[in-house]
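Multiple structures are listed underneath, in structure tokens.
You will see two complexes here that share chain A, one where it goes with chain B and one where it goes with chain C.
== the complex of A and B ==
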């Protein structure tokens, strides 16, 4: 175990890269989610179709396959991205596709009366979406967004396979150097678990902050976590 | 260098063989996940002291850590303790245990989904415990459980590609190997992606349809 402590700075460096991937990836994923989700709600087939294809392709294939494709195959088409950027883009596209379905589902499930009231009051489609439908849909989006966030965080580990020096990559390197297999993997798993817990607590807090019915008794964090399905799988 | 159809066609048989390994691994792992998940769900439902808490933490821990790291950990740690398994068997076990943490919750949610009035009606009619479960609760719970398990099965099929990192010769591993030896990655990796899509998309459509058929009209 003591040898691991000598290597703690390396693991710390890796964790910083992992957290950078998490932050940049989730911000970009959010943008993609709203862009694709709202496009898919369009009345025009030609607008809807590209969004639908994007969502189905990225949900229908594995993220590690997408990562390898962007890293190894895309250069053959003349587009070459550095490993870290590839990681951020693929994380965002993959989880953004899952989140897009959440955006679409939440907005679509608003009662028709909201849209009808807007029409009666002469509120146009753009303003209706921006001021009425989206704000109302946020409480419904937050719990599934939480799953996607945790999934995105866990998936950051995959970038180690395309030589990004993240926490997993550093862990494997320290293992090779020290041979402390059990201790290093226990350390890695605990670090990932602690960050996941923090993300769960954060999302639970956001959910309560945005809840429409704020008097509702707060659920215990553990039972809340367990009630969350795997991101996108149920969508 | 652009797409070469002749090359693509020549590597297709090897990739299909890899896909067959992927499917076999998924089938074996989902079996583990369905059984182990049920054990976890029953123990937690019965609130067996200590064991229930241990399983609760197990589920939380599995859900909070990446499958990739779990796979690496099992692959490197087990041989240290004299447990020597093939990469494929290790991969199947890791995938199965990982997904049992999700199926356990599916079973629980399915049972809790059954309206409280159904239990009360069974009690009011003095129906004994066994038929209450087998005739009233479970047939209704299955309606929501089956589509959810189906979705996890698809998710697991896609996640099985992660096992390529511990040298399981599934479809992505085959694609990478071909790419590495031929110095052409475009064709093998594109075909790998299309093969995943060709299985998972129809399966997802089927499950969506099944979900609609099983849905209770309220």
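== the complex of A and C ==
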């Protein structure tokens, strides 16, 4: 056990990289989600089609294959990204594709009456989307966004395969150096679990913040507890 | 102010408007009554450009609402059309308030975003309107915190904030609990008596229609089967279908 403590700085380094992947990946994923999700809502088929292709390709293929493709195959086409940047881009494209469907679904499920009220008031299509439909869809987007966020976080461990020195990579390295297999993997599990838990707390805070009809505290706590098994923070 | 000339509209096999000719004078208050599915609501929705007619010409204040292109009626998105549509306001059966905005924000939104009004001016106008409809105490409440009747009164204030020349009321009390209907009707009654807005009401509130209308139109099967002053329609209708309909709705 003491050897692990000796190696703690290495794991800390890895955790910092993992958290950087998480933050940059999820921010980029959010941009991609709105870009692709809104594009897929377009009235024009030619605008919708590229978004649909992007979403289905990235949802329908393995992320580890996507990583290998971007890291090992793209350089042959003249595009070379460093490992960390490749990791951020692939995580964002992959999870962004899932989140794009969340964006599209949440906006599309708004009642037709909202659009009709906008037409009656003369609020045009762009403002209708920006000021009316998107803001009122946010509460419906947040719980599934939480799932995607935790998913993205857990998938950061895959970038170890393209030589990014993340938490998993460092854990594997420390294990090679110390042979403390059980302790090392237990430590990794706990760290991933604790960060996931913090992400759930963050998302629940956001859900409360953006709730259209803020409920009383007691029901909030109840719904928070109820939301836990579904979230599967430790899955 | 409003004219429908030979307007036709079908939903598949369902012929909801049959060569409709219908004209409304400025400041006239017209109630449209009739059985469900008779095309009453479609008239309002065509005026608000939420539906397009299959045939015919619809004008508001002298301007056409639809262009004919390759045999289809296309909603005109010209500046002129936007200005014409701005003359019309509509209140919906289901209120359709913006749920993420407070009562006063609901009313301020269009004046700021569409008319380019300053926040202060829009706030002042919205507050005045919400006071008028009896919601001065609930400016900052979001729609889910308001009763149906309160929501509908906010919706009326929201439509009024654009100062339309024509107001369309589409069964605005049908979704309300019976005890909340009165407050909403009071607000509409005030508007009817204190403004020179042209008003078109689709309603099942027969007593109310009789009280505030200049003219009542009985609709059935896609045609106006009878129209006239409310006293005439409600006390002594000529048409057999009008008589049967009124008997059915007024009997209970």
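The rule is simple: the second predicted complex is superposed on the first by the 215 of 235 C-alpha atoms of A that agree within 3 Å, B and C clash if a C-alpha of one lies under 4 Å from a C-alpha of the other, contacts with A are read in each partner's own complex, and residues count from 1 in each chain.
In the analysis below, a residue touches a chain if its C-beta (ideal position, glycine included) is under 8 Å from a C-beta of that chain, and two chains touch if they have at least 3 such contacts.
It should be emphasised that the depicted structure is a prediction, and the values quoted were computed from it without experimental measurement.
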item: First (chain B), second (chain C), both or neither touched by A:109; value: neither
item: Touching partner for A:136 - first (chain B), second (chain C), both, neither; value: second
item: Partner touching more residues of chain A, whether chain B or chain C; value: B
item: First (chain B), second (chain C), both or neither touched by A:77; value: first
item: Partner chain(s) touched by A:158 [first = chain B, second = chain C, both, neither]; value: first
item: Which of chain B and chain C A:121 touches, first, second, both or neither; value: second
item: Complex interface listing, chain A residues touching chain B; value: 56-57, 59-66, 68-69, 72-73, 75-77, 150, 154-158, 160-161, 168, 171-172, 175, 181-182, 185, 188-189, 192-193, 196-197, 200, 222, 225-227, 229-230, 233-234
item: Chain C-facing residues of chain A, complex; value: 111, 113-114, 116-117, 119-124, 127, 131-132, 135-136, 138, 212-213
item: Residue ranges of chain C in contact with chain A within the complex; value: 48-50, 82, 85-86, 88-90, 92, 94, 96-100, 109-110, 113-114, 142, 144-145, 158-159, 162
item: Touch list for chain B against partner chain A, complex; value: 1-2, 56, 59-61, 63-70, 72-73, 76-77, 80, 102, 105, 108-109, 148, 151-152, 154-155, 158-162, 164-165, 172, 175-176, 179, 184-186, 189-190, 192-193, 196-197, 200-201, 204
